[in-house]
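Following this line, the structures themselves.
Next, two complexes with chain A in common: one pairs it with chain B, the other with chain C.
The block that comes next holds the complex of A and B.
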């Protein structure tokens, strides 16, 4: 049903994005590029969750890569060491980060101020140490080998086009679920907290509870991404799940903009593209190393915070809006209900 | 039948400032009660405690037979208390309709997962929220700006929006903190008509107002605060002729002007 006066999910936007995702592999010339595009999907899943947390619960997590790592290692160990089916271990890869998030959030009673940033930072460090030191389970710094592939009715998803579609199917699901949340009573409650916490609690919104729920959801999404990452590669190592990773996810969200789901998606895609480009340059120019990449992310983070605190996506959407509206008006003259107040979507 | 609101010997201190000092009063439901007093008398402080934004330093507040002064703010709305804010607290980046929809938060219950998966319950509730929000929008007459982002509205409409949002929570008791502040003559008159309409819906109203014409017209009874203390209580007529009230207002030149507008 079409409703006037509220933001609704734009199925057109999702359809257009899905088409783009479907045809992208045909435009990419090398298998390396397909792999990068697959990673973009995995990162999108983490970034969308972190975007919900930052843009809608007003909290920062510096430990998102650790949730991602918990998801990846729990499925790796359960499938390779204990022979569980990857589909069953998916449940654990979602539940384990969710439980940790619940405990982290709960010990703080209400998520306030910088506590969550600090707690997740510490948590990220603990997880990284555990992954390196708990060799009996994780095989330590050299990495965990022998992770089985995901199968579906006899079909095996191997790195390449099939895995790309698997990852993006999950990413699209995560995007749709997140959009649904934002356009629900919970989403409105969360947005209202941002504008006036005192008014929303006077309307009966239990602000602490919803911040907590979003934190848990963001950890679950990271867990799904970890699961996808683990079964894509034959091996994983602690290096992918450290503070660098958490800051990379943060950069994606800040760059794209956290006030809309699409901002996080856009940020994840853009950062993956930049990273691929820099790595390609690195193979030709000797001073461009992975340290250079980190400096570059730091620089991006700084520039965006200073010049575009809302992130790129809202800025671009605001520029495009008059164009789209103009086109829309020409198409269905006289219909003015399409005018919306906000670029969040 | 217990009183609707009972304030028992309430004191509130902010550091050295005593904003409310031993304030006691009570009233039954179905009435419009005015709360007046010069600037800084402690009216908003009292409202903040009744809406549980912060607790009193001493004393107790009871609502419909329940003690509410130690509850977190979000728990008093379901009990039946709603309010508007003197310094507007609208959700600026949401549309007018969405603002009012937040008011319906507690009359629905679907959680984050049923929202994510759009379960039938969530969809049905969303429909209810939408319909009821529209009813409140129509009640205050904001239909033409329902789809507009609240931050871009003029003050008069924002006051109406706060009223609609508070009404959406289906309160038994509505606290209006200077709902007419900054409104022009006509808007003020319309607001007092609306207050009567709200009362006719069976909502009890507790109103802080500097506009004396308005508050004398709508109130059944008036409580007067001065420097944190209750100095008088009675019908509008009694209060207007109370020497302590006259002195409290005359002792403050600024207030004198406002009071005689």
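The block that comes next holds the complex of A and C.
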């Protein structure tokens, strides 16, 4: 029998998700919705990284938006101020957050629990203040204008369908990469750290090194997302990279569930959908404002921690699994039932 | 010289507020091992509810006491409805839970009071006092007096009363405390109520200085949390020391370097200190394990 689950990643899930992503733009009617779906892809990249950090390394980061901001601003400054090609600045947008994570990781390797939460929180605020105050480079609170578009052999990615596919190509790459990581030796080591750091370190797992690696990976993912965000919009401002941003990413991961990569993806999609829905509702009903969105996020965080500590995705997956297995057995049982099953689907 | 004195005094003023907020963190943490990141929202509620009550024409002292009572009720409710349900969750989940509560309260506040700042009258006259060339508003003096009174009051409550003894028993060993007929559940509720009361007091004394708004709790909460961590999680003297230190560093940084950079300076200092002493100034080494 083929070994499943932990040992191997399933390509079926990836294939199904890819098809969904490919056909989604044809189901969305307005360009605003396409933009939202593009944002969902950018958020997915950050959330998957944060999910790895929280669910697999058992670390919390309340400053993930800072890495996202470092990625966005480094590419903005390099391309708009120094005229570098966006593809070259992508490397810097990944390397800069990674370097910061490396330095920060060394500081925080000795920190745990609440102390770690404090350190990442402090880091996020320091970066946000620097983005606002370092006006010579970042142009301050009013924002950085004039970021060029990404070009690829003469083709320009502009906001819309083409950018949607570009973002999701990166997002799928990140998802596949993350699935590979968690199904590898590193992934097993990480899971053991999450369950018991003491036990895994006594089994010879270098816990510090693995935690550091996953922290750097999560920063790199956030950097890629920042790069995509910067070149999508003509301008960026520090407001997108503050505490609210970090908490938004946290909400996505907590809602979806941090113990699987798909949980983070699911959370990012769901939060984007909720946010779009509330905004659409807000344009009709004056009572519903952007504050209402925050009330909703707060409520989601509390309810999920109390009732679904594992997150929504594992809960749904557990419900769906018997159904899928049932369908699978029916298929094997004979052609007639299989045809019936297809009709139902 | 006059500048230094001025910065020092404004640093001690804001530092006193951080110290009160930090004491709120310690109060809850010592009994429940929960870090309540909604602590800053109690401060905001203190300022905003006071504003609403004063607007209704209620006399200052009555409004003052009513505000404290209302915020204490909210803190008690928070424990009863939400925190108690999640007992046994790990530190990560508890942090997320209280962040959720904070966002929720803040969102409701912005729907009730709007996004603008409001003005609350000072306790007494507004005539500044001059000391060594520095200007001190009477309200700053009130803030420091309140901080000292709260420290003294908490000390008496925790060290000298039967209630305080039960409180300490729960913080040392909840199981043994239960065997001695002390209910850790009741103490948990009590700690949230007490901490909410402290937050409300902080909000009430600072309101005339900073023009409260719905989002003032974010930074005050985070700074109070920093002060707690800076002093060493779980240590009350550490919380006061951490709060005053953070306030003074922030104020000196704002005065001599750049006012826009003050938060970066304060948090940069916290990061540096955690690098050198991962368990805070007065924390015990074993508390460095995340305080759990």
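Quick note on the criterion: the second predicted complex is superposed on the first by the 321 of 345 C-alpha atoms of A that agree within 3 Å, B and C clash if a C-alpha of one lies under 4 Å from a C-alpha of the other, contacts with A are read in each partner's own complex, and residues count from 1 in each chain.
The criterion applied here is as follows: contacts are C-beta pairs under 8 Å (C-beta built on N, C-alpha and C of every residue); 3 or more make two chains touch, one makes a residue touch a chain.
Note that this is a predicted model, so its numbers are computed, not measured.
Look at A:247: by the touch rule set out above, it reaches chain C but stays clear of chain B. Contacts of A:302 after superposition: chain C is touched, whereas chain B is not reached. Legend: residue contacts after superposition of the two complexes on their common chain; A:150 is shown touching neither chain B nor chain C. Contacts of A:118 after superposition on the shared chain: chain C is touched, whereas chain B is not. In the superposed model, A:58 makes contact with chain C only, not with chain B. On chain A, the surface touched by chain B in one complex and the surface touched by chain C in the other have no residue in common. In the complex of the two chains, the chain B residues touching chain A come out as 51, 53, 72-78, 82-83, 85, 89-99, 101-106, 108, 110-112, 115-118, 122, 125-127, 129-130, 146-149, 152, 165, 169. By the touch rule above, chain C contacts chain A in their complex via residues 35, 82, 85-86, 89, 91-97, 99-108, 110-111, 218, 222, 225-226, 229, 233, 258, 260-261, 263-264, 267-268, 270-271, 274-275, 278-279, 288-292.
Taken together, the chain A residues at the contact with chain B in this complex read 1, 3-7, 177-178, 180-181, 184-189, 191-192, 194-196, 198-207, 210, 213-214, 217, 337, 339-342, 344. In the complex of the two chains, the chain A residues touching chain C come out as 54, 58, 60, 62, 107-108, 110-119, 121-123, 125-126, 129-130, 132-133, 243, 247, 250, 254, 289, 291-302, 305-306, 309.
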